[in-house]
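Structures incoming, each one as structure tokens.
Both complexes below contain chain A, partnered by chain B and then by chain C.
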Partner chain A sequence: MRLQSITLTNFRQFADVQTFDLTSDSVRPVSLLFGANGAGKTTFLNAFTWALYGTMSDDVEQQDRMITDSIWRALPIGDSAEVAVEVRFDHEGRDYRVLRSAALRKESDQQGVFSPKVQLWTTKPDGSSETVGAPQETIHSILPRGVSRSFFFNGERIENLVKKGAYAEVQKDIKVLLDLEQVERAIAHLPKVDRKLTADLKKHGGDKASGIQEAIDVLDERETAAQEELKVLESDLATLTEERDSVTDLLRQHAESAPIQAERDAVGNELEEARSARDAAIAERALLVATRGFQAFTDTLSESTAAMAQSLYQKGALPAPLKREFVDQLLDDGSCICGTPLTEHSVPWEHVKDWRQRAGLQAVETAWQQLSGQIAPLSAARDELCDSLAALMKRIGAERDRVTRLEERKSELDGKLRDSRMEDVQALETNRMELDGRIGVKQQRIGAVKAELQTIAKEVDQKTKERSRAVVTDELATKARSRSDLVQSVKRALEDILAIREEDIRRRLDAELKAVFKSITHQNHVPTLSAGFELTLYKDVNGVQLPVPKSTGENQILSLSFVAAVSKLAREIRKERRAEGDSVEDAGTYPIVMDAAFGSLDQDYQEAVSRALAKMAPQLVVLVSKSQGLGKVVTELMPYVSHLGVIETHTTAPGSVSDDIELEGMSYPYIRAAESDHSELKVIK
Partner chain B sequence: MTIALADVRVRRPQQHEALMQELQNEANFPTFRDILLFSAAVGYRQERSVPFSAAAGDPIRYETLTGPAFSDTLVSMIAANVVAEDPEIMDAVRIEERIKIFEEYANGGLEFIQEQVNVRHQPAALVVVDLVAEAFTESGGAKPVSVDELLSGVTWG
Partner chain C sequence: MNEEHHVNGGQAVTEGRTEKQVLEELSAEERALLKRVLEIERAKLHLTAYDATDDLLAAVKEILP
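What follows is the complex of A and B.
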């Protein structure tokens, strides 16, 4: 398949009808298109897949807005607009023209649902043109949809090709591309042929032979069932293994952060402890203040009370020189201590009574004695309270400092951990063990099914032998038997061929991949295509092969190498496969159309990748922006470029947005202000 | 001292019920008794005696009030200093008079604490601790609150 041209009609940014010539030869296989961000490089890439398969990649947004916005906006309601992509290409000596188009009647500013139709015309070598009846089928037979992913790709997503989980699809794609699928299909079809033949044998072969044949049929059915089960099991196993790998990956990440986590836990515990120590000290202080705090205010009170007591003593009021109780006794008795009778209201009585007021009460005296007796201890208690409080303040201060320090440390550690994913290790570990268990079960089952298949194969062999020995009288049955025997042999032979071819292709692809990868990278890494068509990257450390964790850039290079290797091998194989006659000139040739292929690569890698691609791909369409493409890429690719173009951005953005691109000493418009937002394909050479 | 004491009770002012609740709940004051002792000491220090009539809850028995060490000393000292020229204020029979004095200073102390809570924009628990600390650091007495201090408790915005 070689692309000749593409014509876009109102296809997203590309207003009206725009054509870009892509014809190239082996000397100059490259078409190079520049475009600013948003100019429509990805749209251009997707135009190919839309024309061929009616699909666009998921990274194309607003897929329901296929018709150029300005065209749609200007369209009167009720009128129709057309969107179409036409791709011309040749394949194995024939020219093809595929046109996918849709007309949409405007009912509102929203674009409605499309039902595009696809048409395919072919020009025979004699020049006559005819419509191909089953266009989509034919396209699939020329370039299967699955395979196309390797040839029409977005460089920013190309690493998905080598991502875990993509292997099953990659493997399928490769088989299609490298003609292995046809063998597989043949093997799958043979039993049906066999069944038809053996039906005759059963009908006419007599009891013995019929019995044997029935047994063989049963075995065949079992075999088919077992094979189906094996397929399911293998895909389950792949899914489980992938899941386990991702869990293991998480665990590994966790292992890296485990020491930090451990420290954070320790700091966290200490922080808890410090906080509760601080809170305990604060509570202790509060209780002390609450129960004994009043003592703090008693200093002046004590002093004045002491002074008061002192003056009472000095005045002689304390201890009382005369007790009131004594005077009362005299008054009650009616007789003074001197013997004078104390008659009420007599002079002596008045005299003694007068003393009664001056005499102190025993109780008051006791109370004062008790009170002054308490002053010194109270003062001591107050001092002690002061000391206790001071000690507590110090403790609180220390604990507060500790809390602050720990909080700072913890937040620092939290920051370190924020980026790593913190699933519960316990749960992860459990999950992994469970997955391991389930993988084990699947593997056992796979082993069992495989053993069963072997047994069945042996039994079929046995029965087939018995069948050939069985006496068959009917001529028709004899014929059927020998034909069936032949089919069995063919099937076995094909199976052997498939195994050999598969291994052969894997080895060649592996070798090719190694060669391409080596020519690009400066790292001492070696890619390997395993028996399961799994891509891995190793590095040799003193004779030991260690897996390399792939970086984004490395993944891109690996994918590009893989694509280049597949492309090269496809050509070689298609050329070899002809048993008779020369192969068609472009057999196994596929174009590579890539968008932003150099996105995340360093300058030296860009250079190496461009060089490798220019040499390896039979036809290459490269879409780049100024920043990706000028410099190394242009220098390397220019000698191979047959078509050079710019996707000119026309924008309604205000201000001086204009920008030019300088190519081979000439300046060309890159971005221009315009009445409407759209892009134009401009051919430079 | 005498049997009559059994009937002597100390009232707490109803006006400061909320503050007393706060002191119990947040400042670790185990009982109302502790609050009254503390606030009376503060009230006397602040020379603030405020009569009140409305009492909250059941009055506290004098024996309960004077459970803690030096608490009766506090009650007596306040009375002796207030009724300075009458040593007989200490007479057992004048207990009710002493308690009335005590109650009024307790009321004044609570009023003062409430003022400080309002002015300092601090919870009562902190005010209480600060008051004790201030009593220890200097001769005591309320310092006039500076503008800075007034503003420090305010959050803008």
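What follows is the complex of A and C.
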């Protein structure tokens, strides 16, 4: 399927008739459309699914307001307005035009419910055109609804594709896309053909052959019953397995929360310790200031004291060269050191006594010496005080930071534990074991039924051989027998082909998925498609494969990789078509139309996804806003773009709302003030 | 992987066998019918209400008249 164009008529924001050309080739497969929030990107995406399937995605609000509001408002009561979407496309050598439309009569301002009708026309290679009788069914055969979700999608929601449950439907539809469905249908239909043929054999085959045929019929009935039972069993098993997986998930969350709990405890203890270390440092600082704080103010004091003492010393005031105790001794002895007798009130006595006044006391000098000895170390002590204070301040700061950090971490962990809603572990474990038991019983039964089917098949084979040896005289019966043999062996061959195709497709899809995923992500995660076509993601930890809990971003990349892989494989498989004979040139080609394609991915991923998709999709329609699309996305995609457009928003909002978009060096209107709210598809190239 | 077998309708399919091999093991008539059956089924894939029995029966009778 290759899109050629889309035409919208009064379709929600898109008033009147607006067309966008989408024809592209393998060199430039991309159509890029820019639009502001609310411009109608999601509407544009939904226009495709509405035209093809009559449905819009759940995220489209007010689904019953299909006709452009301004058109509806202006419509007189009693008149009718039309809403329509037409998509032109070609598929396997034929051109198609699908038109879904409805006319709605205005009864009130509210738009009523209407039933749109779908029409499909096809143009054959010879140019003749015809109406297709079963339009919806034909569209489903071109692109099944389930698969279409992989090709028309909202990037922000695409991760739903790989979520449990949703995938089962996708899985079913992939069978159509990858040519398994017709084989399955043939295998289901051929026994009915055989029954018709063998009815003739029973009627005309004579006793022996008829008897054998009756036995074969009984075996056939047993086979049908066993197959029915197998189907039921397998579906039960799937349900049980899903249930068990969700219980295991819950248990894993428990296991995940255990380390959080342990970390929170450790952080709690460390926080206590940090708080007391911080308080101790603060107390130490207080003590230091109280006991030695004065030293900080001795800066000028020591200098002035030294200067004061020096000047006293120089004046002879301090200390004296002569000790008073020495003079007193001379006066007591009554003799001078020169031998002169010192008689009281004599001239020498008076002279020596004068010296007594001028002599200093020993005690005073000792004090002075002590004092002068202390002035010098005072400055060193002051420096040391400063250093100690600085060290303490640093310690306090560090402890405060540690406390803050730990408080933050603890809050974070508290929150994590609070948010996980968990059932009791024991109850979960019991539940899991019980489910395991039930799964075991189902698996045993499945094994038994499969063995029974094998036995039946052998017996049928045996009987068929007996039948071929039995003497049949009637010509009709002989013919019926040969035909039945033919049908039987074709059915067996188809069963082989189905098994081969299933395995081949799974293996190739798996390889492709791995390659695409790896080209996008920088994480060492590996996606795997299991034997049951189930999608899982694991990482390799020292040779052990561990499942990875997928994040939204990861799921988006996984889904995009899956879409790209399916898209590529669908084309490849049809190119190498086998039993069905050759297929047409564009077989298995499907467009990818995506809104907000890059969802919440960061820039690196946006770039990698753009690159991967531009190369992998045979046709790509990308809807982006300025903020999503400019930059790396546009740089990656532009070389592949054949159509570039803007969904121009026209708004009645007051004030200066105009905005432009710059593309390839030119400026284009992006948002414009207008008399009615609507959007216009503007083609840039 | 070679020892593994898929069981389908009682026939063991050895891994590694190809679709081409399966086709080659068939007689000309069987091959013709198989191709015809797949063509019919594929052409009517979109019709859920379709009953293939008559068309398939006609195909068988065409090949073995």
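Convention: the second predicted complex is superposed on the first by the 509 of 685 C-alpha atoms of A that agree within 3 Å, B and C clash if a C-alpha of one lies under 4 Å from a C-alpha of the other, contacts with A are read in each partner's own complex, and residues count from 1 in each chain.
Just so it is clear, a contact is a pair of C-beta atoms (placed from the backbone, for glycine too) under 8 Å apart; a residue touches a chain by one contact, two chains touch by 3 or more.
Everything quoted here is computed from the prediction, not taken from an experiment.
Contacts of A:500 after superposition on the shared chain: chain C is touched, whereas chain B is not. Of the two partner chains placed around the shared chain by superposition, chain B is the only one that A:378 touches, whereas chain C remains out of contact. Of the two partner chains placed around the shared chain by superposition, chain B is the only one that A:296 touches, whereas chain C remains out of contact.
When the two structures are aligned on the shared chain, A:287 is found in touch with chain B, with no touch to chain C. Looking at the shared chain after the overlay, A:308 reaches chain B, while chain C stays out of its contact range. Of the two partner chains placed around the shared chain by superposition, chain C is the only one that A:185 touches, whereas chain B remains out of contact. More residues of chain A lie in touch with C than with the remaining chain of the pair chain B and chain C.
Shared contact residues of chain A, touching chain B in one structure and chain C in the other, are absent. Chain A makes touch with chain C in their complex at residues 134, 137-142, 176, 181-183, 185-186, 189-190, 192-193, 196-197, 450, 453-458, 460-461, 479, 482-483, 486-487, 489-501, 503-504, 578-581. Taken in their complex, chain A has these residues touching chain B: 283, 285-287, 289-302, 304-305, 308, 312, 317-318, 360-361, 363-364, 367-368, 371, 374-375, 377-378, 381, 386, 389, 393.
For chain B in complex with chain A, the touching residues are 1, 23, 27-30, 34-35, 37-38, 40-42, 44-45, 68-71, 73-74, 76-78, 80-81, 84, 87-88, 90-92, 125, 128-129, 131-133, 135-136, 139-140. Taken in their complex, chain C has these residues touching chain A: 6-11, 13, 15, 17-20, 22-23, 25-26, 29-30, 33-35, 37-39, 41-42, 45-48, 52-53, 56-57, 60-61, 63-64.
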